[in-house]
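So that you can tell them apart, the chains are marked A, B and C in the order they are listed, and the count of residues begins at 1 in each.
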Amino acid sequence: MNRGNRVLLSCVYWAFVLYVFVPLILMVLVSFKDSKFIGFPIRSWTFEWYTGVFADAQVLSTFGYSVVIAVLSTAISVVVGTWIAVLLEGRRFWGRAVIFGLTVLPALVPGIISAIAFRIYARGLGIEPGMGAIVWAHAVHNVPFVVLVVMARLSTLPKSQIEAARDLGADPLIAFLRITLPYLVPAILGASIFCLLLSFDDFVRSFFLGGYEPTLPVLIFAKLRSGMSPEINAIATVALILTAVVGIWAERFTRRLKKETEG
Amino acid sequence: MTVQDPLVRIQGISKSFGAAVALENLDLDIARGEFVTFLGPSGCGKSTTLRILGGFQQPDRGRILLDGEDVTRLPPEKRHVNMVFQDYALFPHMTVRQNIGFGLELQGLDRASIKRRADEIMSFLELQPFAERYPAQLSGGQRQRVALARALAPDPALLLLDEPLGALDAKLRGQVQQELKSIQRRTSKTFFFVTHDQEEALTMSDRIIVMNHGRVEQDGTPEELYFHPATRFVAEFIGETNLLTGKVRGVDSDAVVMDWCGQTLRGHAPAGAPRTGDAITASIRLERLGFHAQRPDTPNALQARVVGKTFLGSRMAVDLEVAEAEGARLKAYVDTDVGQSVGEAPVWIGWDTDSMAVLRD
Amino acid sequence: MSYDAASARNERAASTLRQADRTFWGRLVNWSPYRAFAGLVAASPRRQFLILALFPILWVLTQHLGPMIQMVGVSFTDAYPVAAGTEQHLTLDNYARFFGDSIFWMPFFRTLFFAATFTFCTLILTYPVAYYLARHVSRKNQMLMLLLLLIPFWVGEIVRTYAIMILLGNTGAVNLLLRSIGLIDRPIPFMYTSFSMGMGIVYLTALYMLLPLYSALEKLPKSYNEAAADLGAGAWTRFRRVTLPLTIEGISSGCTLVFLIATGFYATPVLLGGPSTTVFAETIAGFFHVAGDEWPTGAAFATIMFVSALIVTVVFQRLMSALRKGDVK
């Protein structure tokens, strides 16, 4: 293809990079603004909003609450998702397509519908809105992502690995624990991080299934409804840095792990 | 072939995958300490037999007896049989030592015994320097040896080898063939080897079983298979050969007399003797044709003209046209000096009765 | 040292006397409760399969399908949750209510229209980016440049929606920029319009379009284009006759994903939209903020929306696959 097209396309790419980064950068900048008034230009700078955020017991406990929810729901999603992936990958049986379809269903249901379906179901089961309900909804919603990631990895495990383990005296469970599971570690770690971020960032399910205690996105939403302030920027910036750092670290880590185990 | 007190007895095994028949009523005995090779093209049923012996597949019909015990329905982990996989299937997250120790651990050996046993087998296969390496850090030949060591470590009654040399380059393969044969002799274990490579089979085996379409074509020593192929398939699959199609003139006590393009020839008779008048094919190996200046006193002698020569180094391939028969052609391997000396003039070719195998079918 | 088969046997016999020093796995497989368990489970391949399959099947039926079934079920009742001392009746009133008032069906059609429009915008925006990454960047840089785009997408929905608010506000960056270069005197009211909402939704969903497009383009062998060029096709013809038809699958799955996600947004329309852009998600949510007796209506509306979204995506996918198979001239 000619040079002109190439240059043009590279400009489009970098413009897209700007498009996805600039709003976030602006948001971070405003968090340092020495004025209650949101907007530009910024004439003087301050750390005051951050010291405020870190002194705010409610914000801190919300952070902790969100992290706990993310960790618990991820633990459930990973166990269930891996189990389903092991059942579905490389096995042919009657009804497999139906089970696969049902497995990915929660990922395809639009957010609001998913949230109210969970809410109605939780009510039917007698689960009160609150942490338990949120953990449950996040866990169910995130299972499909774990299944897809783990299945993709599992499909690259040579069948002979399991056969060799069986041949050397391992029963199916031991072969799974000693051969399959170590092989899946990069995928499971990657999927876990993804689930952690999905849960930590989720608004709509946390909003409809939450009790009086808000998760971080719900808190930001509530504060936004009562008006914008640089304090919100500071909270959002902390959340942003946390998620981005975890995401980048996970990306690099799982990539390295994959390389190592593949040799 | 029936064997006294066989290690493995395969009785009437059949296996189909959907409409495709992989094995049809296979009966086979394997003696202790034998190096048995299953040879055949892909899809002939040799790998299926191996996998049934290993416990990875269940036959539709039939039984497998190992040391007299019926193991047909036992899962792989309960059989005293180990396998060297085609891709070696070394565990990538374990060192060489851990790979070798895997089977020993599951036998319930204590740490000291596992270490001693692994050391023993590693020094036997000259793997000591690589003990703490991971499979990814080894060469192809080293990996192959680790796979062998891992399979030998639990001291199996029977070792299955599924084309384990396929991934090696040609030069290394020859060397590993010798090694494998010598390991088999020194351990006096029963090796059950599967390959599609006839040269590999001829070099290593005590006994070769040639398979085609799920059935045994021939079962015998490498020499028997090479010089006395029973069927056209075996004759063509192993080595190069001249196939002579003709009619039976009569049958002697030790030979079949046949007519080939007007020439009368005598060949080694197969098990079920053919009847006079039957259409028949005989196989004669290229290097078994002898060149003579005068008519030789071999049972078979023909005069032929040289119509083409191909230089192959130490020997030559010579294309011949039989003088008195229209369209009768033969191919022969001769030493290069003999090949160079023959010219336009007709030569005599002669061979023994025993050199020419009359084929069944 | 030489190999000795007998030594292996002796070793094994002696070793059983030193059980304490077995490895973890060696001890596990010889531990009698484990042996009993393994004997029970591993008795037959069929039983192994049943034990493996039972939990996943129960899970997807009760946790994945259950909520949807119950939502549909509740949508046909007159009261949920059922108050003490009252009875629940089956009814179609909840559905009738939807068609009875434009305050309900207007947001519904608006949502479908918006979602389709924003999906199209996302496609137009991300296709060149995916194309550039897959076709003009070396493999090593591809991963890095893709990773760069992934970073903002790890940030949550609310935070990114807020970032758009700051960008587009009356004193936001865009207005500041436009004013400082003298294009406008007074700020343009971007916020609380369908524009700001679209901007937000496109911003939030771009990645879900980009990734399927990228993987479809990346799978496409470069030789196809070279062959087309060799046959005299110009750049535009090559794109239209070769690249585009062969990436329809990626386009189709990207659009489906983005469309479904876009119909489900709640917080973003609330924060970025205005009174004239009320979407169906807000309508549905309204029934859950008030007393419980409105839940069946909310469930019915959610069912309507889910079924419609499914119909739209199925029709769309059919169209795309017909396009792929048929003539694309």
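As a convention for this text, contacts are C-beta pairs under 8 Å (C-beta built on N, C-alpha and C of every residue); 3 or more make two chains touch, one makes a residue touch a chain.
In UniProt terms, the chains line up like this: A, C = ABC transporter permease; B = ABC transporter ATP-binding protein.
Model, not experiment: these values are computed from the prediction.
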- Query: What's the overlap between the neighbours of chain B and those of chain C (ABC transporter permease)?
  - Reply: A
- Note on the structure: So the chain most remote from chain A (ABC transporter permease) by C-alpha centre is B
- Task: Return the chain pair with more inter-chain C-beta contacts, choosing between A-B and A-C.
- Result: A-C
- Counting in whole Å, what is the centre-to-centre distance of chain A (ABC transporter permease) and chain B, each centre being its mean C-alpha position? 57
- Please report how many Å separate the Cα centroid of chain A (ABC transporter permease) from that of chain C (ABC transporter permease), as a whole number. 12
- Query: Which positions in chain B touch two or more other chains at once?
  - Reply: 75, 106-107, 154
- Two or more other chains are touched by the chain A (ABC transporter permease) residues 169, 171, 174, 178
- Listed in rising order, chain C (ABC transporter permease) residues that touch 2 or more other chains are 25, 29, 42
- Interfacial residue positions of chain B with respect to chain A (ABC transporter permease) in the complex: 54-56, 75-77, 81-83, 85-87, 89-93, 102-103, 106-107, 134-137, 150-151, 154
- Of all residues in chain C (ABC transporter permease), which touch chain A (ABC transporter permease) in the complex? 25, 28-29, 38, 41-42, 48-49, 52-53, 55-57, 59-61, 63-68, 70-71, 74, 80-81, 125-126, 128-129, 131-133, 135-136, 145, 147-160, 162-167, 169-173, 176, 203, 206, 225, 235, 260-261, 263-267, 270-271, 281, 284-285, 288, 295, 298-299, 302, 305-306, 309
- Message: List the residues on chain B that touch chain C (ABC transporter permease) in their complex, please.
- Response: 75, 105-114, 116-117, 119-121, 123-124, 152, 154-155, 186-189
- Item | Complex contact set, residues of chain A (ABC transporter permease) against chain C (ABC transporter permease) | 1-2, 5-6, 9-10, 12-13, 16-17, 19-24, 26-27, 30, 37-41, 80, 83-84, 86-88, 93, 99, 102-103, 105-106, 108-121, 123-124, 140, 143, 169, 171-174, 178, 197, 200-204, 207-208, 217, 220-221, 224-225, 228, 232-233, 236, 239-240, 243-244, 246-248, 251
- Query: What does chain C (ABC transporter permease) use to touch chain B in their complex?
  - Reply: 1-5, 7-9, 11-12, 14-16, 18-23, 25-27, 29-30, 42
